[in-house]
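By letter and in written order, the chains are A, B and C; residue numbering begins at 1 in each of them.
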Amino acid sequence: MAGLQLRIETHQRTQLVDITDRVREAIGTTDKSVVTLFVPHTTAGVVVQAAGEGATAVARDLASALERIVDESWVWEHTSEGDGNPWSHVRTALTGSSLTIPLVDGRPALGDLQAIFLCEFDGPRSRTLHVVVH
Amino acid sequence: MAGLQLRIETHQRTQLVDITDRVREAIGTTDKSVVTLFVPHTTAGVVVQAAGEGATAVARDLASALERIVDESWVWEHTSEGDGNPWSHVRTALTGSSLTIPLVDGRPALGDLQAIFLCEFDGPRSRTLHVVVH
Amino acid sequence: MAGLQLRIETHQRTQLVDITDRVREAIGTTDKSVVTLFVPHTTAGVVVQAAGEGATAVARDLASALERIVDESWVWEHTSEGDGNPWSHVRTALTGSSLTIPLVDGRPALGDLQAIFLCEFDGPRSRTLHVVVH
């Protein structure tokens, strides 16, 4: 196993944090085929989305769309706050906890318009991301 | 290939079944980097969500949220019942059929609050889960 | 790395294209454990869904369900059209950009009712899919 963990600080309740550069750095030099990213939290996910100029607006649109799709005003059974509110769990399930990306010459084979984002749904918090090349 | 299949019985129409212990057992002892879980059905998925005390409530909240997000009363084109109703297909697509989790010392690198769930969207049925360490 | 790229033409705005045969062909003969599929675009995803007779109806139901779940009439911040409209980004995030499927004797361990689909959310376009066995 060639794995390490990144620590990512989030600053808002719902926030997409561009972690592309940190993932590239964590991968370092390798001849392996893929990188797997995994978020060991139940109220944060990982997703590939738009990079570049419009990225911040797209990220905010994605965050607010998930707030609309999973409505906090629904009746929820789970009420404990210690491990996050229920809607943030559902938003995480829709986004996903894990992502596997091919490597080409040791770099994630992202499209020109793609970046990797940690999705915070119950911040601000300090988050961990597992990065494994294999 | 070091793969095996688990058989999982579901008992409700929409149900999240905690399969963490069975996945750990299936992995056994290994020095591989990751485990990939795959559900070979079109109306059941796999997801990482909350473990522990509040887990049952969170799982029920996730199940009922998916029932709200994908509404059975919409007009659907597909009407055959043999391979599952259309809304269960969509809920499966949102949840995902595949999950890759890093291994640390042969154990899935789940967070303390995480568990692995098979998501049944058209039960009760007998389901298969592929478990491959690689 | 044993990877290659498929080129996939889409013909509609929202369209699911069955790519199962092309993925099988791209894999060729291998003794590896899994295949990872990755879409290097921000407005197209990849998903496993129903094969066979009812497949076209299910695919259209999934496409139209995603059009309902992520509503174009919402207020969106991102307005640039060059890299796709915002709702197609969100539909892609819900569907996912990456999929890892176990191989059994060099063939994807799909269920009898499963097929692999590229999900176009901003077509028609010419799309790339990375296929890596590992």
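Here is the rule we use: a contact is a pair of C-beta atoms (placed from the backbone, for glycine too) under 8 Å apart; a residue touches a chain by one contact, two chains touch by 3 or more.
Note that this is a predicted model, so its numbers are computed, not measured.
Peer 1: For chain A and chain C, which third chains touch each of them?
Peer 2: Touching chain A as well as chain C, we find B.
Peer 1: Check the residue numbers that chain B and chain C use where they touch, and answer same if over half are used by both copies, otherwise different.
Peer 2: Because under half of the interface numbers appear in both copies, chain C and chain B meet with different residues.
Peer 1: If you average the CA atoms of chain B and of chain C, how many Å lie between those two points?
Peer 2: 20
Peer 1: Would you pick out the residues of chain B that each touch at least 2 other chains?
Peer 2: Within chain B, the residues that touch at least two other chains are 69, 94, 96, 100, 134.
Peer 1: Write out the stretch or stretches of chain B touching chain A in their complex.
Peer 2: Touching chain A: residues 31-34, 47-50, 52-54, 57-58, 60-62, 64-66, 68-69, 94-96, 99-104, 109-111, 113-114, 134 of chain B.
Peer 1: Please give the residue numbers of chain B that touch chain C in the complex, ascending.
Peer 2: So the residues of chain B touching chain C come out as 1-3, 36, 38, 40-42, 69-71, 74, 76-80, 83-84, 86-87, 89-90, 92-94, 96-98, 100, 128, 130, 132, 134.
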